[in-house]
Structure formats: structure tokens, C-alpha cells
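What follows is a group of structures, each given as C-alpha cells.
Heads up, the next two complexes both have chain A, just with different partners, chain B and then chain C.
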Partner chain A sequence: MSALISISKAEKSYIQSALEATPPLREDGRSLYDFRSVLLATGVAPLANGSARLNIGKSPEEGGGGTEVLAATKLEVETVDGADAVDGGRIVCTVACSPAAYPHLSPNALDDLQHDYTTTLHQVISHPSLHPKNLGILRGKKAWLLNLDLVVLSDAGNVYDALFMAARAAMWDTKVPATRAVQYTAKGGNAKKPADEIEKMETEGDAPSGFDTRQIPSATDFDLPDYWDEGEVLSGRDMWPLCVTLNIHSSAYFLDASLKEEAAAPLKLIVAFAFPSTSPPRVQAVRLLGPGDVPHTRLKSLVSEAGKYAQEMYNALEVKLRDEDFRRNQKARNRFAQR
Partner chain B sequence: MITFASFPAPPEFDAYLGTKHYEDNDMEVDLNEDDYEPSGRKLTSPGEVLTSSHAFMRGHGTFVENEEVIASVTGTIERVNKLISVRAIRTRYNAEVGDLVVGRITEVQPRRWKVDANSRQDAVLMLSSVNLPGGVQRRKVESDELQMRTFFEEGDLLVAEVQAFFADGAMSLHTRSLKYGKLRNGQLVSIPPVLIRRLKSHFLSLPCGVDLILGLNGYIWISKLTKANEQEGEEGFDAEAVYSSRNDDINEATRAAVSRVTNIIRVLAAHFVPLTDTVLLDAYEWVIEQEGDIKDILSPEVGEALVTAISAQR
Partner chain C sequence: MSSRVEILNDGGYRSDGRRQYELRDITIDLSPRGTADGSAMITHGLTEVMVDVFGPREAKLRGQTLHDRALLTVEVGIVPFSTGERRKRNRGDKRILELAATIKQTFEPIVQTNLYPRSEISIFVSVLQQDGGLLPASINATTLALLTAGIPMTDYVTAITCGVHSTAPLLDLTTLEENDLPHLTVASLPRTFKVTLVAMETRLHVERVSECMKIAGEAGKVLHQEMKRAVEARTKRLVQAMDMAPRIGGVGGGVDRDVDMDEDNQT
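Our next item is the complex of A and B:
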């Protein structure tokens, strides 16, 4: 993928020689491994099941600027009948780039860019090892389809990290509505039975054969026991991956590049990590983008370094997400108290 | 190091308080009086009723609905006789002839370059409006057209002056002075054009060894100081030096100063402080006194303190 903006040779060599200097210096005085300030809010889209807005590099006073990403999840019921739908639910990620974020790109180039982002994100997030347990509704009949949609509203560099952070925050925020299975029976004229009564109903009829070990689900449909309840959180929400982009220039690398720095050091290594609660961060995906190469021996150390930063990012994000939860619950409580 | 913060809270919106502005609608009364002087302090908001369309004509930034002139942008009201217009605060650069601008080449075309100058359309730099090697008075020949990329290529930054306008409103630039030309040894920072004040000179030298070019289009070039005796004289027009893309050796202190000035300008722009040479000097001195790290300038607390200190001095 080529650089998104063009900079002059003089600017490029200015940035590169500053990175090579000792101590290295970046255009805004950061050290190599510093991030710009990250702004995050969850629950920004009222109609979504979970949502987040994230901005890297904007100062709170400014009206615009920074890399801004909006992420939202929406759950949809699917009938499992052999088409795309999978028993136990599935996740589909889509990334869209606002033309306002890339005014210089042609519509075709924008489509390509969206496709790149979509593929990377979808492959990592919908990986079976991360599949949440509570996306199924009725075994073999109904399942949730989780649509994770992200929009890049503006780009000031480091889009991959922003996308993954926003995706994680939105997934963390997602609530799955509680469902109850119902079945239809001819006997007794009682059309609906809650799930816990199903077994009783069946034992009243002819006894199942001892040879029949298949589990034949008898529930045919479901309903929502409590319409107003948002539901339970998506299981395994601590696992959702984060990615760290290492921008590699000669023997050094740096994090959170601005657009100009990306143009001056176009080779980047993207490593996505998942965070199982019991074990250390697990590598979910590695991508090497841009011209140039990295020797195999160096790759290993780079990936382990990335793990260190991913863990830092995870810890900071975790604190922020819990803060956000608290803030929103507090607000809801205050509003309730005012009534 | 990574830290997360919250978005600034939006002003608390109450649907029942939203209709309040009907009461303080004295602007309409003011405008109808003949001796009305636009104070320049009052900002319009989009949709605000300015005056009746019977007495006044609508200009830029306004529209007419229900026989009333209504502002369509946030900005300051300007009145010329019976013409009411609103000059928008957040806008692209509106060029005037003689303005100094910093631009970036976007395209090389036959006998001209297209230049991004933060305006609505790309500006044009004709091959006939640049100084070419071999004397100022030299005629342009075909070989010059064939090697236009040796002068400026895509992505190059340059400083130029607005020469004229084309019929479609695009501006034509020229670099026919030794002050103008290709930029190197530094970095670019971009701020809203409205924040650049018109100054006696837009080439500033700060005592910290940094040269500044404040383009009126909001692009600011911050670079290593060029010594006066190294500036090319009229007779010593050196094409090698003028069109070179190679940076000089820049020492660590200069780089730090360039980054510091960049951050100061960003903070001032974020707080919407108009930029002049004195403001920049005061801000730089304040930052040096604080002895903080360069990247700390961008933190909200330091930025707040900086702006308070600057506005207290004036």
C-alpha cells in the first residue's frame, strides 16, 4: 500500500534523519514509543448494541484533527439454513472510510483501502479462537449475526491501531439480549412454553428410544423475556484483540506514526494480540505492509516487543473502559433520580 | 506510553432552553438603523435571522427565507451599503493578490504546476513565473518544459506570492524573487487561515535559531535558520541551491527548537489565538522558562497555562 499523502524529499529526509539521530526526535517531540493522546467514549450510538468513538491525536480544545474512528455493533437474528448463517452465530466486520478523510483519493482507491482494512479486521476478529459463546439462540435453528461496522472519519496516521482499539471498545460494550426458547405443542391448547418447561412436556409423551442419542431440539422459536433489558455482555469480552503497529525505519522502529511519518517510513509491521485471562498475550495475526523487508531473525524480537506494548495498551484501555461504564451508569442513575 | 482520556463533554442540551434566543434578538433592530456599524465582535450562528430582505441584499454566507436574511455560516457580519454578508470563521483560504502562501505541488502539467494552497481550487504556478537557472531574464525554451520535474516535483513544498486570478477563481502564483522558491531543512504545520494576521513581513526569524514562513493560507514552514550571508544574492543565483531537495546538517538543538515551535503553534491554533511574531516570541520565552519536555506542550494543562500567560501579557 502506498503512502496516503505525498511529502517532499526534503521533508522525508528531515524526518528520517531525526529518527536516526541520538536521541531520536519526532516532529512533535515525542519519543519513539510514545502515543499521542487517545480520546475514547463508549455508548455513542443509541440504537447500536455496543458502540465506541475513538480519536488519536486531537487535543480536547480542537474542533477537528486526529485519527477518528467510530465503531458500532448491531445484532441481527439469522435462521440457520445452510446459506451464510452458522450455528452458534457469526461475526462480520466492515470498515468504511469517509471520503472526507481521504479527499485526495479516487473512489476506486478508497474502495481498495476500505477493503484492506475490512479484510484485516474481519480475519482477526471473526477468528474461531475468539468466538463468543453466547451468540447462539436455538441450536440448529437461530443464531445472532453480529455486525461490527467501523467508519474512519478522519485519518492522521496509525489507522490500524485506532480501528482495533475502537473495535475492542465497541465489542466490550456490546450487550446480547436474553432470549427464551418456545415450542409449539398441539396438546392442552397451550401454544407457548418457556424453555424450562420443555423437558417436562416431552416426558409426558412416548418415551424416547434409548438408542436415539442425537439431541433433537424441540424448540422452534424464541422470544425476548424482557424487552427493556439490554441483556448480558458478550462472553469473553476481555479477549478481544488489540493491534500494535511498529513503523520500521532502518534499525529502529516507532509507534503511532503521523501521516507524514508513515510517508517517510512506509514499512510497518502490524501485530494483533488477544488477551486470554489466564495466559500471556497471544499473537492472533501478523502483517508486514509496505516496501522493504525485515530479516527473519529480527522479526521474532519485534513481535515480542510488540507484545509488551500491546499489554500496556490493554491495561490502559481496560481502565478507561471500566471508567466509561461507570460514567454511563452514573449518568443513567442521575437521570433516573431527577424524574 | 499510552494514555486514554475522554472526549470533552458537549454542552448540556435541554430541549426547553433551546428556544431562548428569540428574546435577545436586538441585532435585527440594530441593522435596520442607518448608523449601524458592524462591531465585529458579534458572531452569527447558522440559521440566525440577521435582518429583513426588503431593506438589505443578501451577500456571501447568507440566504433569504420568509423575506428575512439568514446567516448560513458562523462568522462575522460585514455590511457594504445595503449588502449584508457573513465572513465565515472556518473556511478555506480566500486569496488576495500579493499574499504570501506556502503550497505543495500536486501535479506537473504542460508548462505549469498545480499547487495545493489550502484554497478551494488548486493554485497554478506557470513555468514562466519561476526563476530558472542561468539568469533572471532568460527566455524559457523547450528543454525547460521537458525537465520541469528537476525544478519542482510532486510533493515539493514552495513559498510563493499570489500574482493574479484566473477567470474561474483559481489563483496564479509566482516565485520570481530570491525570497521565494523550494523549501527544505524543516517541517510544515497547518492551522486555520483565519488565524494568520497580516504582518509587515511573513518571514520571521526567532532567536532560537528557527526561521518561520507564515503563509497566509494557514500553512507555516518552520525551518533551520538561514544565515543572511548564505542567502543567494541577485548575481549569485544558484539553481543548484534554489531547487535542491537535500537538507543541510541540522543539529539536535535546532531540531528541538523546530519541534517546540511546531507544538506552540499547534497549541495556539487549538485555542484559536491569532498568530503574530510577538505572540510567538512571548510563547517561546514562556515555554523555555517552564523547562518542560517538548511533547508536554501539547498536554491540555500546559496548553491552557500557555494561552493564559500569553493573553495576560497583552
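Our next item is the complex of A and C:
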């Protein structure tokens, strides 16, 4: 993938020599490993099951600028015998780029770019190692399809980190509606008898019943109980990966590049990490993008460095997400009670 | 008896508690975004539309340029989670192309394109949420975005939908009402009292049209006030910021803001 904007040779060498100076300098005065400020809000799309809006580098005075990403999840019921549907549910990620974010790109180039982002994100997030347990509805019959849609509203550099952060926040925010299995019996007064909770239905199927076919779960459909809650959170929501982009220039690297810096140092290493609560962090994906090469011996240290920054990012995001949760639930309830 | 929603109940209230001619609340955000020359976000009830304007600039496709005026291009994008049912619409979707063409036709007579020959003004509309009145919200947001980009226009364009329930006209319909009622979208010019767009996809009795047009015109004036207030507030902020900024090469105070190029060179 080539750089998204073109800058002159002089500007390019200006940025590069500033990065090589001691101490290294960047155009906005940050040090090499500083991030711009990150703003996040969850629950921004009322019609989605979970959503988030994320901005990296919004200028505080003018109220504009920065990389802005909108992410939302929507759940759909799928019949498992369909062509694509999988037992236990599946996740599909789609990234769309607003033409306003890339005003100089032709429609075809924009499609290519969207496809690049979509592929990377889909491969990482829909990986079986991260699959949430509660996307199944009726085993072998119905399952949820989780559509994660991301829209890049404006690009001021470092889109990959923004996409992964927004995706994580939206998935974290997602609520899966509670379902109840329903079975039909031929005789008796109650033609429609609600069976037990879905979890119970599944254990029932596991019973070592030998040839007794009556033990096969007979639930054929499900209904949504009328309840005030939006449902339960997606299981394993702590696992959704975060990504750190290392922009590599000669022997140094830097984080959170602006568009110009991306054009001046086009080689980047993208590392996505998941942070399971019980085990050490896991590398979920590594991509080396752009022209250039990295010596084999250096790669290991780069990945472990990236892990360090990802951990910091994870901690900060975790605090913010819990805070958002608190703001939207606890505080809203208190405000309502005080009225 | 039926589970259908009552559009207008006996007390004269609509399903969301509004009166017949009452508009939903409108929030206007004109803060700059990305590299756009002008941008506006309008939240009209639950409908949310964001418009970015680029230009006048050199056309992306040189072959399309016109020798005597600027080319107006409109692209519309609807995010898949903007409706209740997830639906991904691609760029080639007929509905989207129609919406874009309608917006383009609405603005072609208003924008003074003859001032910028051989250039392009591109308008990008992104729809973040829809709850009725998609076209009017897009038109209003486009007006504001063009204004913030500083593109000369002869007037504001304000648009609103007007529906008719049996004989009672209703303003500013939600999705629920749009599905049930015949309605027309009217884009008017509040200063000259002209109309640049009337769009209708359903049947409406001839006798109701004139009443609808009259009420929609009135609503256009109200919208105009609202939009003007937002634009003026933004301009005021800009002027203040200009006063505060240190003047480059100037000796005088912040009184005369127009810097003459020649004069500046001499000092």
C-alpha cells in the first residue's frame, strides 16, 4: 500500500532528518513514542447493539481534525442450514471509508483501501481463538451473525490503531439479547411450552443417552423474553485485540504517525495483541506494510516493544471503557431516580 | 383493535408527542473536520447527517470540467447501521444515486458556479442515522456545509417534509409516519420565497398540495432562522479568533482586518 498523500522531496527529507536528529523531533512536538490524545464515546448509534466513536488527535481549540472512526455492531439471526451460517454464530467485519476522508482518491482506489482495512480487521477479529461463546441460539438451528461495521470518517494518520481501538470498544459495548428456547408439543392444553434456558438445553444434548432418541433437544424455535435489560454482554469481551503500529524509519521507530509522517516513513509494522485475564498477552497478528525491510534479528525486539505499548494502551482503554459503562448505566439510573 | 400506531390522536398529538406543525429539535455542528473546506453535521430528531464540502478545486476527472462554470458533484454514503435492519448499500445503489442526483439538482441553480469555471465543488454526504426526513436533512446540512466552505450562493436552501393525514397536514415526518402517509419534500429559498425542489413518491390529492406548500414554506423560514443563528455564531467565533491572533507584518491594531497585499509588501 502506498502512502495516502504525496509530499514533496524537500518536506520528506525535512521530516526524516528531524526524526534522525538527537533528540528526535516531530512536527507537533511529540516525542517518538507519544500518542496524540484519544477521545472515545460508546453507545453513539441508538439502533446498533453496540457502538463507539473514536478520535485520535482532535485539536482542542478548533474542535476539529484528527482521525475519526465510527464502529457499530448489529446482530442478526441466521438459520444454520444456510450457506454461510455457522453453528455457534459468526462475526463479519466490514470497514468503509468515507470519500470525505480521502478526497483525492478515485472511487476504485477507495474500494481497494477499504478492502485492505476490511481484510486485516476481519482476519484478526473473526479468528476462532477470540470467538465469543454466547453467539449461538439453538444448537444446529439458529445462531447470531454479528456484523461489525466501521466507518473511517476522517484520516489524520494511524488508522489501524484507531480501527482496532474502536472495534474493541464497540464489541465491549455489545449486548446480546437474551433468548429462550421454545418447543412444540402435540397434545395437551399448552401447545406452546417454554423450555428451560438455552444453556440447559445444550447440556441436555450432551446426556449419554445411548440409543434413546428422545434425549435429542426438541426445541425448534426461540423467542425473546420481554425484559427491560438489553441483554448480556458478549462473552470474552476482555479478549478483543488492540493493535500498535510501529512506523519504522532507519534504525528508529515511532508511534502514532500523522499523515505526513506516514508518507515520509512508509514502512510500518502492525502488531495486534489480545490480553486474556488469566494468561500472558498473546500476539494475534503481525503485518509488515509498505516498502522496505526489517532485519530478521530486529523483528523480535520490535514485537516485544510493541507489546509494551499495547499493554499501556489496553490499561488506558480499560479504564475509559469501565468509566463509560458507569456513566451510561449507574449515573443515568441515579439521574433518573433523582427526578 | 389493530396494532397500528395512531398517526394523529383525538387530542391533536402525534405518535411522538408533537403537534401537527411542530418540528423535531435540530442540532447544528459546524466544526471543521479533516481536510474539508466546509463541513456541517445536522441532527434532526433522530436523523443525523454529516456533509463535507471540498472546493472549488481542480476536478478529479479533468474530462468532466465545464468551461463556463464549476462542476457540482454529490456523493452519498449511508452507514449500514443507520436503520433498524442492517443493510449495506454500495455506491452504485439506485436509491443512493437518486438521492445524490436530487441534491445536485437542488443546489445547481443556487450555487454561483459561474464564478469558478473549469473547477469542481464536491459534496460528500454521510448518513449516520435515519428516522425520516433523510432528504431534507441532507439538503439543510449541505446548505450549511457550502456556507462554511465560503462558496457563494444566492440564498439559503431549507427543506422539510410535509405529509397529509386524511385532511390534516403534518410537518417533519418520522419514518413511522413516512411509511403511512402521502408526503412531499419541499426545498425553498426563504428570502426570495422560491422553491427549488418538490419531491413526492406517493399520491396526494390536488387540493392538499397548495396547503402543504404554504406550510412547508413557513417551516422553511423557521429553519432559516435556526441555520442563520448557527452560521452567525460560528462567524462570530472566527472573527474573535482573528482578533486574538498576532498580526503578521501589520502595525495597526485589530481594527482593519483587510490586509492589502501591496501595502503589506511595502512595510
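Simple rule for what comes next: the second predicted complex is superposed on the first by the 308 of 339 C-alpha atoms of A that agree within 3 Å, B and C clash if a C-alpha of one lies under 4 Å from a C-alpha of the other, contacts with A are read in each partner's own complex, and residues count from 1 in each chain.
By our rule, a contact is a pair of C-beta atoms (placed from the backbone, for glycine too) under 8 Å apart; a residue touches a chain by one contact, two chains touch by 3 or more.
Keep in mind that what you see is a predicted model, and the values were worked out from it rather than measured.
Peer 1: Have a look at chain B and chain C on chain A after the superposition and call it: clash or fit.
Peer 2: clash
Peer 1: Quick one: classify A:E312 as touching chain B (first), chain C (second), both or neither.
Peer 2: first
Peer 1: For A:A156, is the partner it touches chain B (first), chain C (second), both, or none of the two (neither)?
Peer 2: Second partner only.
Peer 1: What is the contact status of A:P107 with respect to chain B (first) and chain C (second): first, second, both, or neither?
Peer 2: A:P107 contacts chain C only, not chain B.
Peer 1: First (chain B), second (chain C), both or neither: which does A:L39 touch?
Peer 2: A:L39 contacts chain B only, not chain C.
Peer 1: According to the stated criteria, A:A21 is in contact with first (chain B), second (chain C), both, or neither; which is it?
Peer 2: first
Peer 1: According to the stated criteria, A:L146 is in contact with first (chain B), second (chain C), both, or neither; which is it?
Peer 2: Touch status of A:L146: no partner.
Peer 1: In the superposed arrangement, does A:P99 touch chain B (first), chain C (second), both or neither?
Peer 2: Only chain C; A:P99 stays clear of chain B.
Peer 1: Check whether A:E11 is in contact with chain B, with chain C, with both or with neither, and answer first, second, both or neither.
Peer 2: A:E11 contacts chain B only, not chain C.
Peer 1: Mind telling me which of the two, chain B or chain C, contacts the most residues of chain A?
Peer 2: Of the two chains, more chain A residues are contacted by B.
Peer 1: After overlaying the two complexes on chain A, where does the chain B footprint on chain A coincide with the chain C footprint?
Peer 2: The answer is residues 62-63, 104 of chain A.
Peer 1: Once bound in the complex, which stretches of chain B touch chain A?
Peer 2: Chain B reaches chain A through residues 1-8, 90, 104, 106, 154-157, 182-188, 245-247, 250, 252, 255-256, 259-260, 262-263, 266-267, 269-271, 293-295, 297-300, 303.
Peer 1: State the interface residues of chain A toward chain B in the complex, per the touch definition above.
Peer 2: Per the touch definition, chain A meets chain B at residues 6-11, 13-15, 17-18, 21, 23, 25-31, 33-41, 53, 55, 59-63, 104, 256, 260, 309, 312-313, 316-317, 319-320, 323-324, 327.
Peer 1: Residues of chain A touching chain C in their complex?
Peer 2: Listed in rising order, the residues are 45-48, 51, 62-65, 68, 70, 72, 74, 76, 94, 96, 98-101, 103-104, 106-107, 147, 149, 151, 153-156.
Peer 1: For chain C, which residues are in contact with chain A within the complex?
Peer 2: 31-36, 39, 46, 50, 52, 54, 60, 75, 77, 79-84, 86, 88, 91, 122, 124, 126, 128-129
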